[in-house]
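The letters A, B, C, D, E, F, G and H name the chains in turn, as written, and every chain counts its residues from 1.
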Amino acid sequence: MDKEFLEDLLNKVKQGTLDIAEAMDCLKSLPFEDLGFAKIDHHRSLRTGFPEVVFCQGKQPYQVVEIIEKLLAKNNNILATRAGADTFEAVSMKCPDAKYHELARCITVERKSGHKFKSPVLVVSAGTADLPVAEEAAVTAEIMGNTVKRLYDVGVAGIHRLFYHKSLLNEAAVIIVVAGMEGALASVIGGLVDVPVVAVPTSVGYGTGTGGFAALLAMLNSCASGLAVVNIDNGFGAAAMASSIIRLKEGT
Amino acid sequence: MDKEFLEDLLNKVKQGTLDIAEAMDCLKSLPFEDLGFAKIDHHRSLRTGFPEVVFCQGKQPYQVVEIIEKLLAKNNNILATRAGADTFEAVSMKCPDAKYHELARCITVERKSGHKFKSPVLVVSAGTADLPVAEEAAVTAEIMGNTVKRLYDVGVAGIHRLFYHKSLLNEAAVIIVVAGMEGALASVIGGLVDVPVVAVPTSVGYGTGTGGFAALLAMLNSCASGLAVVNIDNGFGAAAMASSIIRLKEGT
Amino acid sequence: MDKEFLEDLLNKVKQGTLDIAEAMDCLKSLPFEDLGFAKIDHHRSLRTGFPEVVFCQGKQPYQVVEIIEKLLAKNNNILATRAGADTFEAVSMKCPDAKYHELARCITVERKSGHKFKSPVLVVSAGTADLPVAEEAAVTAEIMGNTVKRLYDVGVAGIHRLFYHKSLLNEAAVIIVVAGMEGALASVIGGLVDVPVVAVPTSVGYGTGTGGFAALLAMLNSCASGLAVVNIDNGFGAAAMASSIIRLKEGT
Amino acid sequence: MDKEFLEDLLNKVKQGTLDIAEAMDCLKSLPFEDLGFAKIDHHRSLRTGFPEVVFCQGKQPYQVVEIIEKLLAKNNNILATRAGADTFEAVSMKCPDAKYHELARCITVERKSGHKFKSPVLVVSAGTADLPVAEEAAVTAEIMGNTVKRLYDVGVAGIHRLFYHKSLLNEAAVIIVVAGMEGALASVIGGLVDVPVVAVPTSVGYGTGTGGFAALLAMLNSCASGLAVVNIDNGFGAAAMASSIIRLKEGT
Amino acid sequence: MDKEFLEDLLNKVKQGTLDIAEAMDCLKSLPFEDLGFAKIDHHRSLRTGFPEVVFCQGKQPYQVVEIIEKLLAKNNNILATRAGADTFEAVSMKCPDAKYHELARCITVERKSGHKFKSPVLVVSAGTADLPVAEEAAVTAEIMGNTVKRLYDVGVAGIHRLFYHKSLLNEAAVIIVVAGMEGALASVIGGLVDVPVVAVPTSVGYGTGTGGFAALLAMLNSCASGLAVVNIDNGFGAAAMASSIIRLKEGT
Amino acid sequence: MDKEFLEDLLNKVKQGTLDIAEAMDCLKSLPFEDLGFAKIDHHRSLRTGFPEVVFCQGKQPYQVVEIIEKLLAKNNNILATRAGADTFEAVSMKCPDAKYHELARCITVERKSGHKFKSPVLVVSAGTADLPVAEEAAVTAEIMGNTVKRLYDVGVAGIHRLFYHKSLLNEAAVIIVVAGMEGALASVIGGLVDVPVVAVPTSVGYGTGTGGFAALLAMLNSCASGLAVVNIDNGFGAAAMASSIIRLKEGT
Amino acid sequence: MDKEFLEDLLNKVKQGTLDIAEAMDCLKSLPFEDLGFAKIDHHRSLRTGFPEVVFCQGKQPYQVVEIIEKLLAKNNNILATRAGADTFEAVSMKCPDAKYHELARCITVERKSGHKFKSPVLVVSAGTADLPVAEEAAVTAEIMGNTVKRLYDVGVAGIHRLFYHKSLLNEAAVIIVVAGMEGALASVIGGLVDVPVVAVPTSVGYGTGTGGFAALLAMLNSCASGLAVVNIDNGFGAAAMASSIIRLKEGT
Amino acid sequence: MDKEFLEDLLNKVKQGTLDIAEAMDCLKSLPFEDLGFAKIDHHRSLRTGFPEVVFCQGKQPYQVVEIIEKLLAKNNNILATRAGADTFEAVSMKCPDAKYHELARCITVERKSGHKFKSPVLVVSAGTADLPVAEEAAVTAEIMGNTVKRLYDVGVAGIHRLFYHKSLLNEAAVIIVVAGMEGALASVIGGLVDVPVVAVPTSVGYGTGTGGFAALLAMLNSCASGLAVVNIDNGFGAAAMASSIIRLKEGT
């Protein structure tokens, strides 16, 4: 449309039906996206099957339902994060093919089958209490088209369990490490592998660990290299980072 | 060697010159690296040309010289970060082919030509005061074999300068964003591109910005996706993360 | 009254019915406001229609009702902020012309029509979760007599949406920027306009963003100039600042 | 130039010497500033006499000299903040009409006489130790064309001194309050006046006051309205905010 | 009793019925309080009417009842702080003469009339939200025997109200200043009077003021002298400090 | 089993039924724990009676029941910490010999009688509000086989009570000091004894003491020597540290 | 003078030479201090011998000299705190009777002999590193006319030393407790005495104790009553508080 | 002496030369240490060879010399920590047998040979930058009579190096883990061993790691058990804790 508008404008100039001064005014006041950045807004829908994301925390179930209905009208895949059971219940009444990932607190609707990437994204978690965040990462990475593997409950206090599964570590293309408490797992894994590691501190803990700052600081100060960090409890963000790395690798 | 040791041991068992109980004791007390994790220690030297890294902060010039001499004896490439002019002076007396990157405060010695990657790593910085960190990232990425492009001084207070160079953003495979003060540049770039963004907060600023925490928090809380963060002023860490992404992409 | 008291005193001195020493004692012990600062207390009621403000957080509905009844007895306009639906319900029983602004969590009663200013105050918000604070600012600015325009959901992760509406930015006399998360929007807008920008960090976010400190620090460290900051979630305060700027401009 | 380029392009289309498809490519890749935001970059030079600003902290004297020489080549007025005596010495050798404001640690060069605003900007400071920041604000406001008045050393521990000068408070159009320690002065003044107050916390203090956080928090939590805050020690920023308010008021 | 024990011991030594070695062992293992510090434990019951204090926060109503019953068995006056209405209800069933101070969240039982001090303790508060803490201070000071005066709602944003009541300030022997938000009231009062000021920050506020740290820091950094601070919301502690000053003054 | 596997492997090599190359592959891919670190995983079950530990916070009662059932199937003793009454109720239905320590919020099941240590572990607490943490420490130490003594409510504000019981202090082999508020008790005890002191800060307090940081910092900065600290409220961790010291002493 | 002005004004009114309206204008615009608060400014000089205070930190020696010369011209006693040896040297050249208290870093000049109070102020310090702050308190209290006693180096790690001197504690009218590290001494002393205790945290320490926050928090959270706190290292402030208590007691 | 005094007193009572009332007064005013706590003060000198400790930080060389001379007059062993080379130089002039441990920044004088313990204390450090703290711990433990082993530079980023030396870990009686950056080493070692682990965070790092808080938090939140923590950089404190554990074990 914008392209057509531009063509039309230039044609009018060519035909002399539009004054050059008027044309210049038009060009200056054109909406920004018409001039080359338009892909920003719509790049997602251009990649088949990439989901629209709804962050449910702080939203009423009915509000989430409304948003999802609008998005589905455009026939998109959906990922709703931080969604409680009541939100899912409300969503599933309007959208029976919605699927609830209870542990991950995510709702997914997948209507178009998107591109599937082969390089494995490995999600590793330290303790059972980190599972909701780990699963948010895993479910997010899956609906973004990735092949996801899980390696859970391998905290550094029982580090041999981690070594037992070293083949999983060695085969991964990107590793997401989810850990609360002292967050040491990210450093240990970062020291064992060559691939990019995305570390997610979790707010699991008590006392000085409350809120996840101990794990966050540990990960930011890791002496391992090839490791970067996302916000506390941000499983979604880690999966998005991992996904952008995999897309880069597989060239989609 | 370890492999030979293992073969020898098994041969001795086979030949009956080593008791099974004794063999079991040997196996249990074998150094860990002999049993499959050895690659961890030496993986760097196995990739031609990958540098050994020396963190100079808090080390005396003569200590840095000593370390570098030992590493060069094994014929490695070297990257020394956080190196003052006096350290370089001391190093260059023993190692005349050492090169000093003044702004980056880095010393490099490059004796083996390593693999060169083609996918561009773009280093973007917000202000002139962020340059030392940006250059540490750039120099690090270069000696790790990357094709590095620089886009400096494009802070959000004059955001049109950033847009002027959008082709650089669009062509990059990985973008390292270096910013102090309010760190907003990372979010803006993260919203404009699809590729992985590694954000480096810098300790540039004063008042509440002292130490880089304002920029760090801004980056961790970015609403853009496909973005992860390294420690304040950690240009090296960002380049290492970018490098591991590029290696994954180019399959080396 | 106080004026009359003073006149009376001086008259008595003149007439000799009051001793000078006694008069001096009286003058020294006069209530402060009688001596020139009186306007402080009553300046609001002196400007027609300017509202009395009730901060409802931490107050019981019945307490708010009591306060509002007293204020209305003096025939004032009222703005009650941080008011829940139950508070409004209680208020509207006593005061049927009270109006509830649900999203803004504000109650307004407007009985005297005050002076209306023409210069537009633009309220910009980054995400949908910032709306309650943005609306608190907008409703406050309106009842203070301002012409308010709204530009919502233009966060920096989709910065072209902001540019699409640049005419709104260009026409505003004062801009209130409401943003949580990384708060980058304030810097971007501050870099685009010449007019005063009042930035309001919001407590929207999670992990390290909890409580709004990331956004606050980002705004305080903004590299844009002509920008000042109010407390986290203080939509009211931003509108009061904007209002005092507009009053200054329009000379009322 | 850009305008001419656009005209030229449209003329070529009109004349048929440029293909429409080619023209569209050109338009898409045009530098951003050519399309309506150009004023951002150059708006300062368009207002006669408005200074270019150099932040000297962390820069070597010779670097400041270089930057100032470049700026003067374009015939601008200059404000250099956080400049030590050695920086001034270096600058004055190349630029003999540079003037040093020792207390404010600012260098100014004023070659074009800019517009002078009449509405007084009042700079108030609490203690003598706050003077450098207060003077940075005052000098900045002056070179931006404002009529500046000063009211120093009127901290709340001797609050009657403040009241003694209430006429100054009453006549000001904008008040900049500079205070360290407990920062209470901003609240007291905010409660006495109707005009916009810009509060600057200073890093004056010791113990828990170190760094200015006590004053910053006090100002953000002020119960006075019509008050906003800039970063700790940011005298420049306060003056820039005040300036943008005065410009709005006087309609320049 | 202990005194008798000691006398008895020495008598036995004198009479030769206790061996010196045995006596020495006894003396070494005597409970500490028998040897001169005994007054520490019982000094309160020695001053007629001084209350026993129960801190109810985190205790179940039945637990508070149990503690109070034990204390009353020794015939003491009681002060129970941080007590909810349910706790009072439970207490009043066992102890019908218990009195509830709702705003102060305190329960008092006063059975012995203690010494009454004449020097006025003035409790000043900034805002209505500070009242619970102010009343905790006032009720505590009263049951400790003081003459308490109250001056509420005189925050610095309307500072003339404070001056209106300057006679109250001038007559007080000790002033307790209770303020949340920016806590400036303590500095202002500290600058107006010569008597000791005890400042109590309150956790009233939101955003950066949450928890009372802004007020605490303001009070610790006050530029007024003759002022000391107690913990956030510690109305009891301020009254205890004031009380110990009054006791010192009146020589009881 | 693993030992048998290893023996079997070596036997096969000896007998020639397993090729050396195949044997080497087996050895390299053996799970880590088979090669000498196995004791890590199972060391607890090897010491008769040592409990398995379940951290209940954040787990649903049914989840705790499931975990405990699995552990009991292996015939272990159990310690479940941070367990509410509802969790205990659920557990006791499946496991009638489970015992609830209400104050400590711990559930224990003791089926094998483990080794009992004789050296006394003394648990000292400052206030009644510290009891839950003190009891968690005491119950934990007991089920780990220690002889536990308790000395409660001996805070420094009534320090003679502590001295009265100095024999308890003198007889202890390890002392666990549990204190909130200002945490001074740890320093005082650390100055009185020669044995190791493990300090546990508690989150008892309000205002600046909220969360236990005041006590934590006090303990870390203690000028007493022979004292180390565990996380806030970590009664379990203190008991585990004390236990490992006692095991070392008694040589088990 | 002001008194005379007032009398004069009233006389003129009486004599009819001043119009009542004019008189009213005069009264309204009179400087504040003329109307009853004048004592605020000059109350110090009204009490014979009370010192003027100069805070030297951040001031050049010549600036301190200038200030002191002006003050001495009015014939005052002087207390200069935070003064280095170079400052003293400069001062003593102009003012040979200045006295330097090296450990306290204070300069005193005492020209008028003020009132001497008899009630002892006891300054207690925990460690030798706290001495500068303790001495600042002691020297300040002395020049304010107090009888000061010192009890140094009685930290809680060797608490028997404190008890050895219990008579000093028992005889004091006010106790200033100066302690860094964990600050426990304030709580211990607060628990032993009945008189007001003013606690001064010091910035003595390292690691988590850096800056004195551990001691500050410990003191604010003290479970002892009758204790209040001043800013870190604020020996002067503690002495001023103690002084105002003593003045109240002795009725001067 | 005190014992003799007591005996003498009792004898006088027995002989009737001392009145019982007088005797009681004497007993009450006896210095505390005479009554059973005396061992506190002198327990160190009672254990042969245990050193007196001097903390040199913030002390002038001549002050350290003075203190050491006094201590040596009593014929003690000495440990001076945080001592610079200049301090050692000054000390060695007066005390030629003083020994300087440069890396540990410790001075030792050992004149009496104390008891030597056999159980090994293992000091493990993560990086070369942690060595000063590790050596402070090692030197301290040695002069306290322990058998010290060192295992340096085994950070988790190269975790196989740690496993290579597992026999050292297995043989240790107490392990001191010294680590900065993310402090993960403490958790990993805590998970591998059964003996008590004393963790020392170091202030090694930059950005968010500055000051050692990241490592401290990681260690406090360790999921390993049998681990406690001392203050940042407190190598001495860790050794003192380890020493008290070893003394307990070996029964001295």
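Here, a contact is a pair of C-beta atoms (placed from the backbone, for glycine too) under 8 Å apart; a residue touches a chain by one contact, two chains touch by 3 or more.
Note that the coordinates shown come from a computational prediction; the quantities given were computed from them, not determined experimentally.
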Shared chain contacts [chain B and chain D, defined touch]: A, C
Higher-contact pair (C-beta pairs counted), C-D versus B-F: C-D
Computed distance of Cα centres, chain E from chain B, in Å: 59
Cα-centroid distance, chain A relative to chain C, in whole angstrom: 39
Numbers and ranges of chain F residues touching at least 2 other chains: 36-37, 40, 158-159, 163, 166, 191-192, 207-209, 213, 216, 220-221, 225, 231-232
Pairs of chains, among all present, that meet the touch criterion: A-B, A-C, A-D, A-F, A-H, B-C, B-D, B-F, B-H, C-D, C-E, C-G, D-E, D-G, E-F, E-G, E-H, F-G, F-H, G-H
In the complex, chain E residues that touch chain F: 29, 31-33, 37-38, 40-41, 57-58, 201, 203, 211-213, 216, 231-234
Footprint of chain H on chain G - complex, ascending: 129, 158-161, 163-164, 166-167, 204, 206-210
In the complex with chain E, residue positions of chain D that touch it: 126-127, 155-159, 181-184, 187-188, 190-192, 205, 207-209, 213-215, 217-225
For the chain F and chain H complex, residues of the former touching the latter: 36-37, 40, 43, 53, 119, 163, 166, 173-174, 191-192, 194-196, 198, 216, 220-221, 225-232, 236-238, 240-241, 243-245, 247-249
Residue numbers on chain F that touch chain B, as the complex places them: 3, 6-7, 10-11, 13-14, 16, 20, 23-24, 27-30, 35-36
